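Got some structures for you, see below.
Shared between the two complexes below is subunit A, which has subunit B as its partner in the first and subunit C in the second.
What follows is the complex of A and B.
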């Protein structure tokens, strides 16, 4: 770890002390660099602060417990993909080639995950674990088994949502879906499941992000096929809020249905609780055992009193960091291929079950030659053949101005 | 017919007015300093957030916060000019363009730093629309149309009837000739920035009133503003304003069901309409609607 090999900024940040004490650093081994690609700016930015806090919490817990591989620290190398696939590919290239990360957490959006995987991480053999890419298409990447996600794919979300909508007595819906892999994928899986249950999609529009007005789209949808509700599949800051505003103001729709992308208390705070009362939808659920969930939630609240451990994809992000840390420990190496080969080993059963905050115990078990099975804050985190976690879908609703969790559903 | 006016024509006019204000500022800077100012969109964002502070601190409506927004945005433009553009004044336009892109990123980073990425709005809840006969119109849309008209008139009076405005036009026509005939170049440049930043702030507040505040608020309409400026003839503020109106109307009206009951053009392609119009103009009237400068 010489100053010359570090980028200048990193050297400045590391401070003079570490530069003058290289022997100490070497004794404990170099920090293991884990890339973290989040959408800190752009359409998904509002989701990032709690998600990032979840990842930081997981790394801090693991480092406080003594780190991995005989005291080596896990170090986050952060990058912002600007909610933009091109920017995602650029920063991923930097993480993989210049920062030499062992694995990557993220990106958040499905389209960006697919772009980053195809262009950068699959060719380089870097394992990536997205906490929130939910599009079915992510399973179909020809990925050499390097792409994982702790999020539950939208195939399940679409089915659950279709059932909830029918059970709410709604037969005809109009769909506004963001024009990307996530929006098209989820709209497709919802439509198939909804029609199978006897529902009708009165009209569907893929909308372009960041437009100042969506009145024309909404007007077209509202008068096609007499829809009873609007299903909005999008992100709050890149058009979702504007669509709700335009629609409510002009009285285009009376009922609103959302998905994980709009599952944010901020939406209700911005648009007004009265107009959105009764809105419902689906989001990432938790299938975690209550005591594991509570261990995580308590630790998260201690570290971040202002943030909600139940916010969308936060537990999934925490779990992504944990399975990477455990995979390094189980592999006995921070090599990319070794991490990739051990992600399933530590996440899937059978094995000694370890949970959030139990990194030290997991390490001792691994040292004794036992196999561990991580059961996390978001669910049991069992990766299937395509690297997708199996989990639950949350049914949420707006009640009394608060985004309220109604049920955790598995079908 | 009622539907056409309420949901297509009025939104088109409102969007067009916002584009017009943004484009006039871009065009003014181009006219006097000969470079495409990429930070204009982020100046709009800055103005909108400055008004948010005024709304929060003073408890006034966003309309009354507009002067605060203008006063908060002008120093940013002047500081950027002093620190980054002035030393490059004699460089190629591309160099200035790239440096203005850097300034844009700096302003945006500052907005993220101060206000964070979460969308904000000036007011919660909704106001029911006004009814003019059978036509529904939001009160804020009337204000935006009126405000844009007033701002355009003020700029017109400044450019055509004041000494400073004549100096600006002289600079735009021939900078070297203006200099040798004693036009105070530094002062004209400062005034240009002040007017351009003021227009940006007004456009930003209008846009934020009609949608919501995000750190990408202004940047998202920057390309449309440039398209409007080129459409009207770059360097001609009036042309830019007209170009903005045309683009706003073209975008919204393109999805009206002119033939049959389906939208003429799928609304998700609205953004492309602006650029299709632009390309047509560049092919058939490359100097823009009003004769622009090269």
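What follows is the complex of A and C.
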């Protein structure tokens, strides 16, 4: 009981502190505005609630710890890109030009990130940190070092997945991939790595979203080249569940392999645990030390009892907010260029390691002139030359009807 | 202050592009009574024509698409309009024989076919990765100046299309179109060939949409299949035209600006809402546009500015 009571007391204290925070903030200068572009409507909408909760949690923790730059609060300015690049560019323009944000978290989709970067944020010099843009093309934007991501690019996921599939004794796979930059990119990197390991892609189909049935495509795949398993690259709500259902009902495939998009307990609950038993796949992993991960997960569950801290890209979103907050503190300024210049300083080693929920300690370290190295909920968050985090890939599997994390892999 | 002006310029630029789309649709629907629900397709053809012609050669390595010729925009934009018109020629020849509601279905189909072609013909369009790095005209003027110059360019094009549309509406050609819209048999009886006139209006309107697509591609500096959304590319334009007043070119422009202002303002207002409500408000925006259309249709079916009687 005491273990339960303590956080509650801490939460009360934090709540009481936040009562005083507004007046403090006014005394110390106005809030620093951080843009958050998520796909609240459209194809990716199902992912948004936990991702948003992760970002809110990070901002609340930093504000409860006293904010940045002598008590200035971090304020979220939200926008919905409708999972559409044009809408993304429009709302990004609003954030950059009318709302005058210092930095942006998001957008979620790779195509939207590329469009927003090219049209708005690169010319304006606004740093953006996407929690979930995984297409390799994001690294190739001519971005003046303004585009970062806490998500691990799909190239790595394809390689890890190819190895896992071969190790599972599967030689011939059929691929159903969603027909967009994510599906095509991941299918491509998987195919290359799988063939290099002596596997054969028996057949591949790019499917359109939101069709009532995928029987025809599945039948073609099942009859071509005698595949042993189906690799499904997609999202549950826009076709992934339908594909699994069609395939199971008609007995097209017996084994299923998934990727980050299908890594969702809801899939198992809706399709049925028996048919999916033994399904495995990859997802955004965590290289976080267990205690850091646990600190984040506990805080997340306290704030959002209904949501899963392990849901796709939530830890990445949390980390994106944290590195921006730390970069502002380290820069001593909320100027866009200063944040951009300090993102690597606070995220990469060497330096005193700080983790989730340790904003106050990080701020004290920075105040003493020490260099901090943020190791987050999703991994060590080390940005390389193109602004990509060097993370881990999770190996997950369906065991006893539960989506279970098997291992965290780096290659 | 300057930032707010820049934002206003962005919104006006998009309103200008929508005005061109609405003017094109007005030629087809307002003047001639052709129910074209395939605006997306003509916009896409224009957008991709301009995108592939103007994208720099160096982009060819990073994204595999068939373009990257690095042509100047003032060559590519007229060609984009031409491409929209050229697409309309066979489509119109085949589909315009259908009566109003069947034509609507046929054009929806064409719009969807083009969307799928764009998504799947990687060798030409870059598939789902689209065409990145499209240069924006006049951006060499620097950050604030370039954006205002582009706005001026878009407004100039919109003004030019307006002048053309007005001249068309007043000309004997325009009167014939209205006559065909009102009573096809009567127009035939006085020796007009309705098929040819309808095709001409359809092609002309499609050219406007192609040009609008080219401006959109230049403004976003990126064109991909996800950007071709029937809601924003086809149906929003219909709402604009009907709200502004179909048959009236000024109404088309007013509708485009007014509806775009509501669209943009609702995004702005939604963002001021606290927390979770802000994300939910995104759905309310779509509802608001639909509600506005219902109210206009019920209480002012002729739109804000109705069609003026012909002279």
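Criterion: the second predicted complex is superposed on the first by the 385 of 411 C-alpha atoms of A that agree within 3 Å, B and C clash if a C-alpha of one lies under 4 Å from a C-alpha of the other, contacts with A are read in each partner's own complex, and residues count from 1 in each chain.
Basically, a residue touches a chain if its C-beta (ideal position, glycine included) is under 8 Å from a C-beta of that chain, and two chains touch if they have at least 3 such contacts.
Here the structure is a predicted model, which means the values were calculated and not measured.
Placing subunit B and subunit C on a common subunit A by superposition gives a clash between them.
In the overlay built on the shared chain, the residue A:210 is in contact with subunit B alone; subunit C does not reach it. When the two complexes are overlaid, the chain among subunit B and subunit C that reaches more residues of subunit A is C. By the touch criterion defined above, A:335 lies against neither subunit B nor subunit C after alignment on the C-alpha atoms of chain A. When the two complexes are overlaid on their common chain A, residue A:41 makes contact with subunit B and with subunit C alike. Contacts of A:250 after superposition: subunit B is touched, whereas subunit C is not reached. In the superposed model, A:179 lies in contact with both subunit B and subunit C.
Of the two partner chains placed around the shared chain by superposition, neither subunit B nor subunit C is touched by A:291.
Within the superposed three-chain model, A:123 lies in touch with subunit C and out of touch with subunit B [touch as defined at top].
When the two structures are aligned on the shared chain, A:220 is found in touch with subunit B, with no touch to subunit C.
Judged by the touch definition given at the top, the superposed model places A:87 against subunit C, while subunit B stays out of reach. The clash between subunit C and subunit B in the superposition falls on 238-246, which is one of the stretches 130-138, 166-174 or 238-246. Comparing which residues of subunit A touch subunit B with which touch subunit C, the overlap comprises 40-41, 48, 179, 206, 208.
On the subunit C side of its complex with subunit A, the touching residues are 3-4, 6-7, 10, 14, 62-63, 116, 119-120, 127-130, 132-133, 136, 143, 216, 219-222, 224-227, 229, 232, 264, 267-268, 270-271, 275, 278-279, 282-283. Across the complex, subunit B is touched by residues 40-42, 45-46, 48-49, 179, 205-208, 210-217, 219-220, 236-238, 241-242, 245, 248-250, 266, 269-272, 274-275 of subunit A.
Residues 3, 6-8, 11, 14-15, 18, 108, 112, 116-121, 124-126, 129, 136, 138, 207, 210-212, 214-216, 220-221, 252, 255-257, 263, 266-271 of subunit B are the ones touching subunit A in the complex.
Of all residues in subunit A, only 38, 40-41, 48, 52, 56, 77-80, 82-87, 89-91, 93-94, 96-100, 109, 111-112, 114-115, 118-119, 123-124, 135, 137, 140-142, 179-181, 183-185, 206, 208 touch subunit C in the complex they form.
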